[in-house]
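What follows is a set of structures for review.
You will see subunit A twice below: alongside subunit B first, and alongside subunit C after that.
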Partner chain A sequence: MNILLSRLVQAATVAVLVGAATFAMMRNLPGDAAWRIAAGRYGYDNVNAAAAEAVRSELGLGGHWFPAFLQWMGNLFRLDFGVSLVSGQPVIHEIAHQLGASLWLALAAVGLSLLIGPPLGIIAGLRPGGLFDRALLVVSTALKAVPQFLMALILILLLSVQLGWLPAAGYGQPRHFILPALALALGLAAVNARITRDAMASVAAQPFYAFAQWKGLSRTQVLWRHGLRNVSVPLLTYLGLQFVLLVEGVVVIESIVGWPGIGHALVHAVFARDVPMVQGTALLLGLGFVLVNALIDLLAARIDPRGVQ
Partner chain B sequence: MRTAILSRPQPMGRIIGAAILAVIAGFALLGPVLVPGDPFAQSLMKSLAGPDAAAPFGHDHLGRSLFHRLAYALRLSPLIALAAVATAASAGLVLGMLAALRGGWTERVLVILADALLALPGLLMVLIVLAIMPGTATGFWAGLSLVLWVEFFRLTRATARATLASPAVQAAKLLGFGWSYIFRTHLWPEIAPLMLTAAAFGTATAIMAIAALGFVSVGMRAPTPELGLMMVELLPYWREAPMALLTPVIATFALLLGLTLLAGGHKP
Partner chain C sequence: MLIPVRSLAGALVGLCLALPAFAESAINVAAPFEIQSAEPSTTGHIFTRMGIAETLVDADPQGRLLPGLATEWAVSDDGLTWHFILREAVSFHDGSAMTPEAVVNALEIARAKPGPLAGLPIVAITPEAGAVVITLTEPRAALPAYLAESRSQILAPAAYGADGQGLAVIGTGPYRVTALTPPLSMRATEFADYWGDAPHVPDVTYTAVSRAETRALMAESGDADFVFNLDPATVTRLSRSDALQVHSVAIPRVLLLKVNAAHPFLEDADARRALSLAIDRAGLAQAVLRYPEGADQLFPPAIGAWHNRALEPLAHDPEAARVMLENLGWAAGSDGILTRDGQRFALSLTTYPDRPELPLVAAVLEQQFRAVGIELAINSTNSSEIPAGHQAGTLELGLIARNLALIPDPIGTVLSDYAPGGDWGAMGWQNAEIVALAQSLARGEGDDKDRARISAILQDELPVIPIAWYQQTLAVRAGLEGAVIDPWERNFGLAGLRFAE
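Right, the complex of A and B next:
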């Protein structure tokens, strides 16, 4: 219960921060914000001074910043994000449209990273200090130093341009998933593998683990019955923290491969100074982080009922 | 913490990391002194031409010397990153100490603020600050400082809380030592090594952010020599001049690898 309350406070603070940041962005837009918003609402050809004036008085753009700020935050908490300044569509519709593409990409990346990282980490953690452990350390350190955009660039050059196996960009077919998902997954897997390796090494050094072997269980049985569940808790907690890393990666990778998702939309919105879109996407990403971590808190408490910390 | 204790100490890694960074810093600072040249001077006659005496790494698509562009790029991002890390570390240290010493509402508000910032993707914060602040370099500095202070704050607060509750600090207080003495002898030796690791990771994060945003064309503007921007400019000429593109790619990788190795261990 306490966990959920603190996550709720976190969510509310995220909303206030996003609101304040986007309000500051709105106030600092070059040109007259009222004209821009009016153009977004009525179309660029139908804007006149009267329409801009109506928007100005409605949103309090002319007056002191404080009442305008309160109204801005009020709209935010009523989940009224307004209309995109570029497309003229309600922000909610735009985001709902783009969220699916991003979610699939993120899920594919996490799934792929879980297929690569943890199994390698378990093998390494069962023999800490061994040859495989040391090799994994070198590889994961090198992979961690490659930012996601650089990974995408390297994969595009290698798999698309040189070998011609995969399309460099595009969306709509399963094969379009492989390259961006792999670019995201390799970085995540490098961290996953290290976390799993350390957790596995610490579990395997516990007395209960040795006892399970003494009483005659095979190595596989010990791993399945006593190892994996204990390893999964730190891995899961880390997965929640990696969410931010994943979102950042999604934002960049989508822009590189032209993926019609929320990150691509965000970069374009920032570029076009489309503040309502920036606000909507930022809020969604921040609240998404809080939600994912709240779920992970609950799941971790279920897996390991001894209580975390 | 548990994971950090278990991973073996890697002094070798730190030494290699420091060596890589020293080589890069030497190149960035001394390279243009040894081979004078202008990173902005264009010469379309030399477009994508190979190395010569004035341009040891060859030329880019506009005939500019890659050697000099790389040297300037390797000054720019680390400089912004170090400035942001210095600001973030001081702010995090002061606020973390404040939270640990004062407790109560001061601490609660700061922790809530830090937790909320943690939920927002750093690149997003930097993008929004870039849109607000005039000037790209100052925007990066402000945005990255805003993102990075949280890590230093959390480290300082956690360490200071544990140390302040220790018998050693209680004894020092009973003996009448002032706060500056307690900070210097008890708190700082505990905090400093953690701060070094966090600073190396923070610098790497900042350099990655600047390069990533440059690569998707929302960061530094052309013709500024910047690592991500150089890559995206040279990407269309991959077939004609693969080495021209690989130059900033290898430099970025070496820089980030050096910082990761210097940090040692895991991200706390």
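Right, the complex of A and C next:
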């Protein structure tokens, strides 16, 4: 219960801080908001003084920051994110669509990375310093060093253009997931594998691990009963951290494969000075971070109850 | 056991043969434009391009106006009252009839929003039996061309909310929307009650892909059948592919340098001429845009009478540029940059990355201007900084890609940009003769000599410095026949496409 309560307090703090910070940043961006919004709405061929003036009078831009701030925080607590200044649609509606798209992509990427990374890490960790361990170090370092946009382009060239197995870009069908998820997963798996390998090696070097073998358990039994559970705690904790890396990667990958996700939405909203979209998106990402960490805490406490009173 | 295996193999082969046929019931379009919502003032150009919404007037590739939802039109002798006779038996995608009242409703809503109709001297738009009457306070001969612009599209009354905001795309075109998923995708299918010829391919999809590299890869991998707007570097590569046909056509869009002619360094026409002489257009066009040549005047040859063949072409001559600047009192300083009365010839060049070639061209210009002693600081920012800087008087140089045919008649852009000046046109520069000529052309008086004269004045005074004429490019999957590029950027022509037998 303590975990949940402290996470709730944390979520409220994050909401207030992110709300205030995005408000301050968006107010202080250089350039006139009416012009930026008009460019976002009508495009470079049609943005002109008349369009900017129409936006200004429609949205009632300008005015003192303080009433606007109170209104924004008030709306926030009523979970009213307002209406996108560019598309005119409710922000919550747009975010639900776009966050959903990103979430599925992120989950697919994490799932895929867990299928690839940890098993390899365990094999390497059981024989630290062996040939496989050293090979994995080289491969995972190389994969981690490839920037995600380059990884996506390489995969598109290889899997779509050369082999014709997967669509190069697009959204809407299950097969569209594989390529962007793989591009994200390879980078994640590279680090997953390293974390698992180190955890496995250190667990395998513990006296209790050797004792389990002496008392007659087979190697597989030892691994299942005494290895995996101990390895999974650092791995899980690291997954929470990876969420940040994942958001960063999703932003890049989405723009390459034309994925209608939150990263894409955030970038466009910042360029078009779509304040409610930026604020709503940043807030939900902040809260998502708290939620993921709370879930990880709960899971970790279940797996390893020793630290919890 | 042999027979089942054989029939299984037969079924598999049959399936494989059937699969491509099944896939070919749809044309997948990939283009850079994002769908914002069902609002025609912001996303309408996608609806007209996709054959979902239509306008009263159409235009052929030469810019000749053709009947659209209006079959004919006529103007009163004083040029103030226009009658547009509506096509009969046209229904909207929701089954309702296209009545004169519905057309008036759509035009009134369009006119209340920013766009070309908003700037017209319209007093009233009224319905009449089978027709719509538009009354003006002053003659505007290009009115039908304004009605051909995508934001003048005619949607059903049910398409709009009470405040005039577009809620659903209920048009009259050969395709009707089945799923609109902003910001990136849209699906449409054949509209059974379409007034014209039924489309050959019954389904179309639209995917907005902002990165040109990704669009090119989608063309190569076969994920998109119709890929609009390729970056110059990929055109060469895609042209070599047997699986694709690459089309490119000259369009009335020009890459130009917008000059603040009120700036003390640039107010003398000779200073602007020197800038123009410093630009190696051919080199720039070949290296960055991969076009064989640059622009030698503002209006491209495809734009008819506005292109003036008699003009002395804009040339590249850095030596002459240096001499001209010397005569204006500039002398090279120790670092090679010109100075006059203690001031360095340093200017800021504003541009925007929405079109990826612009920052590249800016970087080349920086080099070419430095060669004649002019220092540029490039500011690649939001596109609205150009009109905003124009209004504030702070813009010095702007590198822009200007569409000379926002309506399928260049007079629209000439009026908004050069008579006397405009957010995306002349700045700090006025010419009474151009204003008079443009206004008389707008009223429907004047002739091609006046158009040529306008080009000649712009060429001589250089309120903007043309650099290159654009080409629109399109990659179409081999086997998809009938693709043409609309130089007026109004229509993809999907209804006319068919898969080869």
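FYI, the second predicted complex is superposed on the first by the 251 of 309 C-alpha atoms of A that agree within 3 Å, B and C clash if a C-alpha of one lies under 4 Å from a C-alpha of the other, contacts with A are read in each partner's own complex, and residues count from 1 in each chain.
Definition applied: contacts are C-beta pairs under 8 Å (C-beta built on N, C-alpha and C of every residue); 3 or more make two chains touch, one makes a residue touch a chain.
Here the structure is a predicted model, which is why all the values come from computation and not from measurement.
When the two structures are aligned on the shared chain, A:Y42 is found in touch with subunit C, with no touch to subunit B. Looking at the shared chain after the overlay, A:V86 reaches subunit C, while subunit B stays out of its contact range.
By the touch criterion defined above, A:L114 lies against neither subunit B nor subunit C after alignment on the C-alpha atoms of chain A. Using the contact criterion defined above for the overlaid structures, shared-chain residue A:L153 touches subunit B and also reaches subunit C. Once the two complexes are overlaid on the shared chain, A:S255 sits against subunit B and subunit C alike. In the superposition on chain A, contact is made by A:T141 with subunit B only, not with subunit C.
Of the two partner chains placed around the shared chain by superposition, subunit C is the only one that A:D32 touches, whereas subunit B remains out of contact. Looking at the shared chain after the overlay, A:M73 reaches neither subunit B nor subunit C. Looking at the shared chain after the overlay, A:G170 reaches subunit C, while subunit B stays out of its contact range.
Common to the subunit B and subunit C interfaces on subunit A are residues 153, 157, 161, 255-256, 271. Those residues of subunit A whose C-beta lies close enough to touch subunit C in the complex are 31-32, 35-36, 38-39, 41-52, 54, 86-89, 94, 97, 153, 156-157, 160-161, 164, 167-172, 255-260, 264-265, 268, 271.
Of all residues in subunit B, only 2-3, 6-8, 13, 112-113, 115-125, 127-132, 204, 208, 211-212, 215-216, 218, 228, 231, 235, 238-239, 245, 249, 252-253, 256-257, 259-261, 266 touch subunit A in the complex they form. Within the complex formed with subunit B, the residues of subunit A that make contact are 6, 9-10, 13-14, 16-18, 21-22, 24-25, 28, 129, 141-142, 144-150, 153-154, 157, 161, 194-195, 198-199, 201-202, 234, 244, 247-248, 251-252, 255-256, 266-267, 270-271, 273, 278, 282, 285-287, 289-290, 293. Of all residues in subunit C, only 30, 33-34, 36-37, 39, 41-42, 113-115, 118-119, 165, 181-185, 207-211, 213-214, 217-218, 220-223, 352, 354-355, 381-385, 387-388, 391, 400-401, 403, 406, 416, 422-424 touch subunit A in the complex they form.
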